[in-house]
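A short worksheet on the structure shown next.
Order as written gives the chain letters A, B, C and D; numbering starts at 1 within each chain.
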Amino acid sequence: MKPRIAFFDMASCEGCQLAILDCEDVFLHILDLVDIVEFREALSEKAPRFDVAFIEGSINREIDAERLRDIRARCTWLVSLGACACHGNVQARSNALSPAENLQRVYGPEACHVAQTDSQYWPLWAHTRVRAVHEVVKVDYHLRGCPVDRDEFLHLVKRLVAGSLPRFARQPVCVECKHNGNECVFEHGDTCMGQITWGGCDAICINGGYRCDGCRGLLPGVNLDSHRALLRERGLSDTDIDSRYRLFCSADVQPRGTRP
Amino acid sequence: MRGFLTTRATVLDWLHTLDQLGDVFFPQPMGESSFRFDKVRKHSLLAFEDFDATSTEKPFRASTCVQPPGKKLSPNNEQIFHFSKNENGEYQLTPTLDDRQRILAGVRPCDLKAIHLMDRINSDGIPDAHYLSRRQNTTIIAHDCLQPCDQHCFCDATGSLRWREGADIFLTPQPEAKLLIEALTERGEQLLADAGFTPCKNIEGRKTLAEAQRTKPFGRQFNAPLQQVIDTVSNSGESPVWDKHVERCFSCGTCNLVCPTCYCFDVQDDFNVDDPDSGQRTRSWDGCMLEAFAVVAGGHNFRPQLAARQRHRIKRKLAWLPARFGDGSFCVGCGRCGHQCTVDIDIFDIANDLLATAETKP
Amino acid sequence: MKPVDFDAHVLTPRMARIIEARDMTAQERFFRLQLPQPLTHRPGQFVMASILGIGEAPISISCGPRHDGQLELLVRNTGSLTHAMHQLQAGDYMGIRGPFGSGFQLSEFEGRDILFVAGGLGLAPLRSLIEPVVGEPQRFGRVTLISGCRTPADELYREQMQAWAKRPNVHVIRLVTDTDHLPWGGEVGLVTAPIAKLEMDVANTLAVLCGPPVMYKFVIMELAARGLPNAQIFIDLERRMRCGIGKCGHCQINHVTCCQEGPVFRFSDLESLPEALT
Amino acid sequence: MSKDGNKTYTIQVDHVTRVEGHGSIKISTRDGKVEELKLSIIEAHRFFESFTDGMLPHEIPWIVGRICGICCVGHQLAASKAVESALGLAVSPQSQRLRKLLNESQILQSHLLHVYFLAIPDYVGAPSVLPLIKTHPEVVRRALKLKHLANEFTSVIGGRALHPMSNTLRGWRKLPNLDKLEQIRERLLAALPDLDATVGIVKSLKIPDFERETEYVSLKHPDEYALYDGEVYSSDSGETAPASDYRNITNEFTVPHSTAKWARWHRESYMVGALARVNNNYNQLHPAAQEAAETLGLHTPCYNPYMNNVAQVVEIVHCAHNSLAMLEQVLDDGLVKEDISHTPGPGHGVGAIEVPRGTLFHEFRFDDEGRCCGADAVIPTSQNINNIERDMKAFAPRMVAEMSREEVTLHLEMLLRAYDPCISCSVHMLDVEFVD
């Protein structure tokens, strides 16, 4: 029987699901290999059980966490899809403030009060903290990046379909940057997070003329002290450096204790 | 073998005509201040060496390309074979051998020596068919250096500056934007046969002229003769020098991936989505500085400490491979690793530090 | 450069049909393959085995030299390729390259007493030497096999070890570190334990070890305590290997490549390779 | 008379599928009369206001793209314009042209996705695009091919299809490769027959017959069909207002059953998006697009919100032809590396742009050190949502009288999908009280 795969979105820009819909050229062939049983962005179908569940987005409310636990109970493999699911991504920057402060900032004091006291609405509004998926349930694989890399997605699906296991190289972005023979960003005066960021993106931002801002999260065990010292030498203040590390919140939540 | 003397502009035109034979590569500017060994196209800016540093034409002074020219002979993600199933359900496997003609031009002496060393590696023991197939269909037009390309260069110290072996044609800068063109092999001789360049009657005199112009001392020099460096590195086991030089290291592998004599690779298989019975095996550049390099099944890592990996890298260049092949240093002194490392960890400094600690030992 | 002759298929496998596949333990699966041509391997060599489209890995040849083109492998499920191999059945195909590596020269063992020490999966490569040695008792001296594993459920080649033990001049010691409350006819302890008590003609004994890296140090200490010279100890090392032909660099130990000069080394030769037993 | 025997019922559709983001619809009827109808946005908030805090100017366009994957280019461009206006940065004609190409490539992507993947299945009675692979393989193949082309178009211009990185303040960090641009031009040209076929399919769809006149709002530009540039135009007033007036245009307010905010301008609600643009700027459409509108029976002013999908097809034709013309210009003129440096500093600016779903406003304020200290964004969907609920309320009594419960549900969902709402954005909006 073909493996059944399902997609679920939590708090995210839904770009990672789109990145997967972007496999147009191979989409029909993928459908020969797997049955897509839930994909809210493209389908209306729903299914009770599935082999692989892809979770896009961070977990911001208890109702979302409940939904996630339910999904975990219905699947064999659970995959965090993209930076929001892997480490909270940009929205986790709001964790610096309390939930009530955040609500008040966006909706004003009155709405904030109603949202927190009217039981008809509070589950909808009850924002706790922005959490990564692995902070709530066990995660088997992380597909990193904002957005995810379609080749990594294809690799994972193909490997699981073939009865093998996916393998994601545990190496920094610099490796792929050098594979591509790029000029190092430091060479033209800017600074880069490539040395400490989990690769697999083919260094796409550097290929495109930018630098690495670390959307794929910190590689475990990296020499962060050295990186900070280097950025200081390049004239960045500690505020700048913290702001850079927090741009995608990549340094905040490290997926640990799970398969790489 | 014959020699010619002609202007750079003529040589440029000639290089453009060579693309009838196959792809022609030459160092070309990229980004803000770097060079890339790239296919020569109609409007490409080619980075030649100049006789003296007075030329105002830009960009003539090429520093080393980020990726050395030798990498064209074992490209990243190189296909090893592809497979499919025939009507009888049997697998058909076809090795991918690239035997297209290509010309690597503007190869500097350090990179030339590196190609020679890779020839040794790939012919050693069980030869590597994929490398050799490319190599044997490659013509090399090397280009002398009269000034060190940047402050990281130490090619003279490693014995690469005057390297000629492996080149089919050798270009030496001459005054007035001219070049001395020498055929070093039969293949080079043939290539130059109908180029229509003016023969040079005084090849030796021209070479002497260039030699006199060469910067002296050329680039950085070790604090001891090369053989002593090799002996010292060979005898350095546990040493605080290793630890000192990895304090700031990211284990990012850049130093491996830009080195012209690093050749380690990883292998990947893949099958096609539209026909899962077909696919290919490829290999990609790997590096011994990367943490997972020596991890085996079950997770045991044979070189978990950064210092052990750094020592491994340096010793391959300056101890083990020299011992195995007797061809001198496997570091050709191109300076790429020190240049590209974002925290300035430089094999040159490490070697000098090892010399210094060896001296202070009783 | 001077032209060099090469084999275009050096990195391209030949396909071998699986004629027998069965789980030997929960983690190890046994395969018997039929090759198009015999490998003519030496004991202790390995092949690069692959599933096309999934990957390739070094796997020890676990049978003695044979002429019928059959090959036996024992594969532990540890990662992406070996996981997929565990789904293979008789009739499926595996890609095979090789044989690679130094292996053992049978002639060196002639007339000598041989002590085999196998830890876990280490028995698989050793079996390629034990088989021919046990098969020709007149050619070799006394054979002792110490084989250890975690629990009785993890033991490999049990029946075959029992059969070897019945041969004259063959002594087999089977150990587990934990019986796990399963029926167990062997001993409990580490493979190092029996060495001190072994009857051993030190001058005429060769020891051959294969097991996880942690095992070697302790076994060697015991052997040294018995006075066995380092030149009489052979060790089968494991390293990451991607090519088998000394090019990928992963298996390099100091100045040697494990896939070419190894994976079997004489322990005395390892003294110049400080990284060998890390 | 209702086809459904039971005239008293409640329909609740949670997690409406095939829309961006999470919305739910609740309708209660008693004795054939609609008692209550509520369109709720149940998307979790992502508190974007908390994250622009302290960011440097060039980081803003890069990061705010993360508000929404499908409109990432629109957010990036609106933010670029707002930040440039705050810092007084000039944008060269070359960069402007590249930005227009980038924007139109994304409009192509997004409209194709919505028409083929989200809307057409409803009209042919399929739960999704998947069954169509069997029943209408050529349609699916064409959809995938066109979508793929549009994606690669964005990639070649911007560096990748989603969250492109090559555009920044003032222009391009790394210019698009001319060879690749040429390839895209050729492929677009070759795809024009596929666009005709797209028009053909959409022409055959039976669009529900429902009209409710409302106020149509979009950008308007004197020289071109306004997508990247222009002032804000209202069909009610017939006048334009500068983008910086956006607060007086959108007049946002909060309702408790929705995590997205609502908007109104001259009347109780207004509409933005493809239909509003076609209604307001019909004469500036490319002739081929006007022809498509003719073929599709889209006559302006058009008051049927379901026709928004048709207007999207008209815009697909427009963007394809317009992009082709711009690509030709770029290929003729070549691309030159430009100075795009800037110094962060204090300032305040607003930027507006037409994205697939309508007019998008961004506003930023920077302190003396050039760090962001105030941000706001008003997203098309939060402008539309009020109008959608009103459409639903207007249509529902007729639906309840004439249709089965399943059909009611379907028609409500179709209406939501026709607007092509981007619910993710509407909740991911930015807003902070400004400290002046």
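Everything below uses one rule, namely that contacts are C-beta pairs under 8 Å (C-beta built on N, C-alpha and C of every residue); 3 or more make two chains touch, one makes a residue touch a chain.
It should be emphasised that the depicted structure is a prediction, and the values quoted were computed from it without experimental measurement.
A.B. asks: If you tally C-beta pairs in contact for every chain pair, which pair wins? Let me know.
C.D. replies: Looking at every pair of chains, the most contacts join A-D.
A.B. asks: Please tell me the distance, in whole Å, between the geometric centres of chain B and chain C computed from their C-alpha atoms.
C.D. replies: 39
A.B. asks: Between chain A and chain D, what distance separates the C-alpha centroids? Give it in angstrom.
C.D. replies: Roughly 25 Å separates the two chain centres.
A.B. asks: Roughly how far is chain C from chain D, going centre to centre by Cα mean, in whole Å?
C.D. replies: Centre-to-centre distance between chain C and chain D: 64 Å.
A.B. asks: Touching at least two other chains at once: which residues of chain B meet that condition?
C.D. replies: 266, 270-271, 276
A.B. asks: Going by the contact rule already set, what residues in chain A reach two or more other chains?
C.D. replies: 162
A.B. asks: Name the residues of chain C that each touch 2 or more other chains.
C.D. replies: 51, 53-55, 79
A.B. asks: Pairs of chains that touch, anyone?
C.D. replies: A-B, A-C, A-D, B-C
A.B. asks: So in the complex, which bits of chain C are touching chain A?
C.D. replies: 51, 53-55, 79-81, 83-84, 87
A.B. asks: Once bound in the complex, which stretches of chain B touch chain C?
C.D. replies: Counting only chain B, the residues touching chain C are 80-81, 83, 90-91, 93-95, 97, 116, 119, 121-130, 132-133, 135-136, 166, 237, 263-271, 276, 279, 281, 283, 286, 288, 293-298, 300, 302-303, 308, 312, 315-316, 319-321, 323-324.
A.B. asks: Residues of chain A touching chain D in their complex?
C.D. replies: 9-19, 21-22, 24-25, 27-28, 31, 36, 39-45, 57-58, 60-61, 64, 89-91, 93-94, 96-97, 102-103, 105-108, 111, 114-115, 118, 121, 124-125, 127, 130, 146-147, 204-205, 207-210, 213, 239-240, 243, 247
A.B. asks: If you look only at chain C, which of its residues touch chain B in the complex?
C.D. replies: Touch residues, chain C against chain B: 1, 3-15, 50-57, 76, 78-79, 82, 93, 95, 212-213, 238-240, 242-243, 245-250, 252, 254-255, 260, 274-275, 278.
A.B. asks: Write out the stretch or stretches of chain D touching chain A in their complex.
C.D. replies: 15, 17-22, 40, 42-51, 53-56, 59, 62-63, 65-70, 72, 113, 117-118, 121, 127-130, 133, 140-141, 144-145, 147-148, 151, 158-166, 168, 172-174, 254, 256-257, 259, 261, 424, 428-429, 431-433
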